[in-house]
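Following: one structure in structure tokens, then a few remarks.
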Amino acid sequence: MTLYGYRVPMMASLLVWCVIWELVGQSGLMFLVPPLSAVLVAGYSMVQTSTWQAAAMITLHSFAIGMGLAIVVGVSLGVLMGRFKAVDELFSIWVNIFVSAPLSALVPVLMILFGMGETTVIVTVFLFAVWIIVLDTRAGIQHVPKSLIEMGRSYGASTFALYGKIVLLAALPEILAGIRLGLVRGVKGVVIGQLLVAIIGYGELFELYSRSFDMENFWALTIILFAAAMLMSAAIEHIEKKVDYYAGVR
Amino acid sequence: MTLSTASIHALPHAESAAVEVRGISKNYKEVEALRSIDLDFPRGKLTTLLGPSGCGKTTLLKIIAGLIEPTSGEVRVNGKTVTGPGPERAFVFQDFALMPWATVMRNVAFGLELKGMGKAERQSIARHYIAEVGLTGFEDKYPHELSGGMRQRVGLARAFAVNAEVLLLDEPFSAVDEQNRRKFQEDLLRLVEKERKTFIFVTHSIEEAVYVSDRIVLLSRRPSRVSQIIEPKVDRTASPDAIRRDQGYLDTVEEIWQGLKHYVD
Amino acid sequence: MASSQVNGPVRAVHSPAGWGLSLGRLFTQHPIVSRMVSLGLFFLIWEIAGRVPISYAFPTFLETLSAFVTMLLDGSLFAAYGSTLQPLIIGIAISGAVGVTLGIVMGLSRTAEWLVAPLFIVLQSAPMAALIPLITFVYGIGLAAKTLAVIMLALPVIVLNGYKAVRNANPSLVAMCYSFQGTKLQQIAKIIIPDASPVIFAGLRLGLAAGFIGVILAELLITPTGIGDLITYHRSVANYAEMYAAVVSIILVSTLTLAALEAFEMRVLRPEKRRG
């Protein structure tokens, strides 16, 4: 949008929403919505407590391990599916089912299989994130032009070099897009996992604050979570833009 | 004296220009695409805008169509200044611009549909022009079921159907394969002969320009100006194959190529 | 190349899940044999893993299957689905009406885009599930709470798809309509909305997928009813076969629904893509 000839950046409108939040909070009409300023103050003191720091560490830890596994497994499986028809036929039905299935229903099963602890949350993150990474990687690999692979072969590239120097790099834009979407899903996974397990990390704090009607801390928790999710996604998008120039031209 | 001038404008006759371009310039931010272009497009003739790629010939055509606003200058059609698209002009798009969700019939009749013409009436007009471009039997097909050449025939029929005096064709054959393009060019010549309209045609193919045009306007590289106007001396009463072997045809192609060669890097 | 370019340059917009979501194609492209082999292999591994057993809480495939048939016959599955699908349908209907309208308005108006788009971009990439526990405070644990959970998860993707579809409406077709002196209203009704409808519909489908997650989550977290309750109940009494059957059934139901919608989308809304 332009205002008096100046281009107002799109995300600036979030400030408008913050003001509206503050006004609604000040009016006291909804007890669920305390003023934003109060939330920020609560958040500032919350992040200094050891409870929050411990919860954040546990959450980050489960998220990082789950995501790491999802990226390694997702990219490998995606490459295999993209290059080998047999692997593709064996897995495509499952990948396509799980990428859009309500995985929240699976979490109770994970809870009895892996216990009420961090393992369940890690597996939840993995299951939420991995499928979209597989699909995008597979699509990226399949879009690598045949001529590029033939070029590598004709210049005598070993299989290792062919994958490392040509196939994976050529598919990088799609792989990164998959990882970004996977991250977004992984954040949802870590939250859903912890909420359902309810005794660890952020889930425990959410449970605690919502039960005790401590709305300032609840919203502070939410804002930090949302901001972390947005920042992560923006960071990957930034890397994506760097390779974007050849996404269209290959 | 003033009276007679006015009457000339009010009653356009065959000798006057259907489209007058006066001092048209177009800048995109810092890039100067067109620089003070003055051109007349004679009524009932096919005039081609030809030039190196990126020279702004499509921009000029879209300014005449009223799809793009010039930075300065004006375009007059039948003496009236252009401020936007109008019923006396119809545009044929390079990428066909067919609605994928609509049949050939609806696509061809779309200009009339927008004018609010009744269904039976517009369909009978559309049917006539579908036949004119040789697509009878394809009325109920969808664009994705047609070849590139057939799709552009739909685009051409749509432009004919609104009965505009001036037809603006933006590289209409560039997305059509070579064999279909030749056939299409022959059909276009026949339609030019039959419909007696003013055609403004943009292409980057020298052969195509010489083959179909009464007049060829050569545009220079950016900032684009009129560098030369050529009237090919080609006998169009001859058969298509004879034209392509005609000495006048070959000489004109060579002449234009010599003129354009130094623009090619 | 020419045949894929029905209308000018390839469109930049595709569903947020990328080219990934292809449940519809699943049922047409891959030969039926390889699908059967894939399914059979999976069930075989499940059966073996259950017989080992890898965990006391891991029933075999056949036990799960028989539990599924029992639950189907005694009507408990049907009752549960009645309770689960009702808020899902209401929620999607509301999100669809609100979301598509909002998306179209945002696509057409730069001001609305500036004001609303960032909000939904945040909401879509943020874990909205965190807010589900709040719903109980206002709406209790009834139908309204579940419906709201569905809306919270489904609305952002529906809005954003509608917005992107309208914003990226084929500029060549818009110019065509303008060149034939179409009015602004005609341009919206005859060009922009038809052109955007496949992507809008895909948004509804993705919204439904998110809605499934939302309704299950609400049932597991706040309102013990429907399929979520079935899962929780059988888990609490250690009827693992029944519990697994309920979990598999909800995945099955959502997969089949989404696949049917995608098949419809391919067949009816995107005839030009059917051949490719």
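Every chain is named by a letter (A, B and C) in the order it is written, and numbering of its residues begins at 1.
Following the convention adopted for this analysis, a residue touches a chain if its C-beta (ideal position, glycine included) is under 8 Å from a C-beta of that chain, and two chains touch if they have at least 3 such contacts.
These numbers come from a predicted model, not from an experiment.
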By mean Cα position, the chain sitting nearest the middle: C
Of all chains present, which has the mean Cα position farthest from that of chain A? B
Which two chains have the most contacts between them? A-C
Using CA atom averages as chain centres, what separation in Å is found between chain A and chain C? 18
Distance-wise, how many Å sit between the C-alpha centres of chain A and chain B, to the nearest whole number? 52
Centre-to-centre distance between chain C and chain B (centres being mean Cα positions), rounded to whole Å: 47
Give me the residues of chain A that touch two or more other chains. none
Contacts from chain B onto chain C in the complex sit at residues 65-67, 84-87, 89-91, 93, 95-101, 110-111, 113-115, 142-144, 147-148, 162, 175, 177
Help me check something: in the complex, which residues belonging to chain C touch chain A? 16-23, 26, 30-31, 34-35, 37-39, 41-42, 55, 57-58, 110-111, 113-119, 122, 125-134, 137-138, 206, 209, 212-213, 215-217, 220-221, 227-228, 231-232, 235, 240, 243-244, 246-247, 250-251, 254-255, 258
Over in the complex, which chain C residues touch chain B? Could you list them? 2-3, 5-9, 170, 172-173, 175-183, 186, 190-191, 194-195, 271-272, 274-275
Chain C partner, complex, touching residues on chain A are 1, 8, 10-14, 16-17, 32, 89-94, 96-97, 99-109, 112-113, 131-132, 135-136, 139, 174, 177-178, 181, 184, 187-188, 190-192, 195-196, 202, 206-207, 210, 213, 218, 221-222, 225-226, 229-230, 233
